[in-house]
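The first chain written gets the first letter, and so on, giving A, B and C; residue counts start at 1 in each chain.
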Amino acid sequence: MSIELKNIHFSYGKVKALEGIDLSLSEGAVGLLGPNGAGKSTLLRILLGFLSPDRGEGRVLGYDIKQEQSFIRRYVGYMPEDDCLIPGMDAVSFTSYFGELSGMPRQEAMKRAHEVLFYVGLGESRYRLLETYSAGMKQRLKLAQAIVHDPKLLFLDEPTSNLDPQGRKEILELIEDITSKRDIQVLISSHILPDIESTCSYVVILNKGRLAAQGKISELKEITYRLYEIKVKGEEERFLEKLKRMGCKVDETEDKLIKVYMPSHQDLMEIFRVALEEKIQIRHFVKSQTSLEDLFAKTVGVD
Amino acid sequence: MTAVIETRNLSKWYGNVLGLSDVSLQVEPGITGLLGPNGAGKSTFLKLITGQIKPSIGKVFIKGQRVRNNYSLFSKIGFCPEQDSFYEEITGWEFLTNLLKLYHYSPSEIKTRAEQALSIVELLKDKDRLIRAYSRGMRQRLKFAQAIAHTPEIFILDEPLNGLDPLGKRKIIRLIKDYKGEGKTIIVSSHILPEIEAMTKNIILIHQGKIFAKGDIHYIRDLIETHPHMILIKCTNPRLLASKFIHEDYVVNVNFGATADSLLVETKNRDKFFSLLPSLLIENNIEVEEITSPDDNLQAVFDYLVGK
Amino acid sequence: MMIREKGYTHWDGILRERRYPWWPITRLGIKLTFKRKHFKFLFFGSLVPAVAYLAGIYISERIEDFRYILRGSQRFLQINPAYFKSYFTSDFLLFMMVMILVFCGAGLISDDLKYNSLQLYFSKPLRKKDYFLGKASVIFFFLLMLTLVPGIVFFVMKLIFSGSFQFLRTYPWLLLSVIGYSALVTIFFSFYTLLISSLSKNRRYVGILIFAIYIFSDIFFGIFFGIFKNQYFSLLSLKGNLQQVGALFFGQKPPFQVPWLYSFFILLCVCFLASAILKKKIKGVEVIK
């Protein structure tokens, strides 16, 4: 278990930020979601060892979150949301500098900094001054300094904000590669749900200081068996009529998406048989699931 | 439909730095997504159509009138910029009401409009706090409020969802769709392609100062001949299925998934492939779990047209 | 035979706590300072008095050889605590030290505030103490090069040139004075600089303040003294306070008729104020917003 929290409470003065948080996470990518003000930053601060919880206890990477905070910070990589750099440095010096501050010997930090900069795609520009870097490059630099000391736990705070579509794609690919080996715990906090969906298998949703939901995305998203979303091309009137006559409930939504509910006595492939008869092309055929967005809205309790 | 916004040979240079080059297009009512890499010319384009800067060559028309210095037109346009710069020492309410005064509304009307706009963006309870105390999401919502308070007909929104949490994004997207239903014209510029897709199918892609694509995402995808369409099929016995269509000449490529239950087909002719598919499935007793088109989306269109 | 796989690779080293966790910060600060334009020129310029005084020590030993240059200046070249004091509390040296502070110290904290790098520092196993110590050590380095190092060199060279330990026997406490005064000036200026650096995000503005506060404190003293003719106004001037305390360390007559305790107290107050403000300012920075 990389992260174990039991009954964590925290208040800023009178304002309750976290109440009764129990969390248990092991390797893989976890998405941390929640409306603004839900307590995400407070939770991250406690996990990073900056704040001691008022009540409750926990361990991060095996270290106690109250007593062994500096150990936690040694083995954790943090990629902040805001751009950060040190003027006058180039990428190699910057990355190895923070590697040293994590506890790497100087030569090792330098060696690893080069490797990591190539990995994130800044290999060619690693000797340039940081002030000349574009937004996408700064983002990758932040990722580089977060992984230079080979952390066991990685926090990424809004890793894809302020990037153009290309940059977003590249950062997401890097994140997927890092999580693919499943030996680093990655915690991603983001408001961009499609990104969470493509990189994380597990999700933690906070709301008003409490845990609103926690679990594998695939399990939380209710798959409604027998409800399918299809898109077709061709003369659909008769096709849909036939389906209805078979006992299916048919519903056409905006964007030409058709929802078909198959009664249990019907074989699924009947849809294709009917399509064959009516010379209909079925171009999209997916089991209906709640989207992450709907899941979020449902758990956070708003419409 | 007549064009609401029209540009003719629009070009803009800053010294010898290219902003926009020879852009002629028409924007109709409804939601149009504007996308492009950084430095492509999107902000230049938006500044030109809102009349903030003068074109080097070409003209911009809104509803048939020239835009530049046409103050009567400005009251019909609502602009939500990307940058975040406010007067920090005033309250949200003061900010909004002062802006509304510029439209020559009566004091009572200003009050009504401001209240309405703030309640739509859910900032009504924080209206008397200083802007300096606002969080990022609140600032974004205030920016949005000032774009809608004077009920414009045309909305120009640059990264309107930036900084909002998923629920806030949902609300704003719904609002924008409501405006579309009312017949308004909205241009939304964003880097987050899934969010544009959630709002509209109609896009303008700018790259290197030029229009690389305009229109419906799926039609554009069809036009990209260099990349055959990908179709992902999850089924029992994918290899058997593949063996049945592999001799068709419009099937360009077949890849088998890592798990033994999927295959990825690339084809130049989707009509022929999809017409053939149901019969192949039925004849060979293959059960289908899923059929999707992984690259029939905006990200793919972007990558194919712009990507390296 | 092997190939290297693309993709993320691990590092198989051990992360350990350094003996001086703040050392990379200091090293970086010194490196960045030397990169600044004109700094080397300034730095070597500020070493000129040290060289001159060292030459003086040499000359004083060989006074016969140089008598023809020094007609009538014999009294000037007595190497005694007054000689040391005149080096350490000279207007020129103090001024050069402030200029060096502008170069090495102005950006120390203000750049971190401006470019948000505090978040990165504190997400590492670095205590606040280490951060400040690392930053202050940058200033220590440069100022001690101008005070402690020349002082020790003077002392040792005097012994070498005179060929005997007579000097040490005459003034056994002199070395301690050198160390003590160097420490005082360095620590005071460090607090002073770090305080101002933490007040603004703009390095230029901080640099101007570092310089201006020092100069204007002296100018105000001059103005008030000119009007009221009261020596107590020397307490307004940072330079004056330093010179008062410096004179005390070297056992010389203080330049102003003011008890040296007051000057010392003022310097101490600045240090405490700085320490309180720095603690508050940096505590207020949240690593995660």
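A few remarks follow.
Definition applied: contacts are C-beta pairs under 8 Å (C-beta built on N, C-alpha and C of every residue); 3 or more make two chains touch, one makes a residue touch a chain.
On a predicted model such as this, the values are computed, not experimentally measured, just so you know.
Chain-to-chain contact here is organised linearly: an open path runs through the chains from one end to the other.
If each chain is reduced to the average of its C-alpha atoms, the one that sits nearest the average of all protein C-alpha atoms is A.
With centres defined as mean CA coordinates, chain C is found 49 Å away from chain A.
One finds 57 Å separating the Cα centroids of chain B and chain C.
Taking each chain's centre as the mean of its C-alpha atoms, chain A lies 23 Å from chain B. In chain B, there is no position where the chain touches two or more neighbouring chains simultaneously. Per the touch definition, chain A reaches chain B in the complex via residues 33-37, 134-136, 160-169, 191-194, 233, 255, 268-269, 272-273, 275-276, 279-287, 293, 296-297, 300, 302.
On the chain A side of its complex with chain C, the touching residues are 41, 44-45, 48, 50, 70-71, 73-76, 78, 80-89, 93, 97-98, 100-106, 108, 112, 115, 119, 145, 147, 149-150, 157, 177-178, 180-181, 183.
Those residues of chain C that touch chain A in the shared complex are 7-11, 13, 15-18, 21, 24-25, 28, 32, 35, 107, 111-112, 115-117, 119-127, 286-289.
Looking at the complex, you find that chain B touches chain A at residues 35-38, 135-137, 162-170, 191-195, 201, 270-271, 274-275, 277-279, 281-282, 287-293, 299, 302-303, 306-307.
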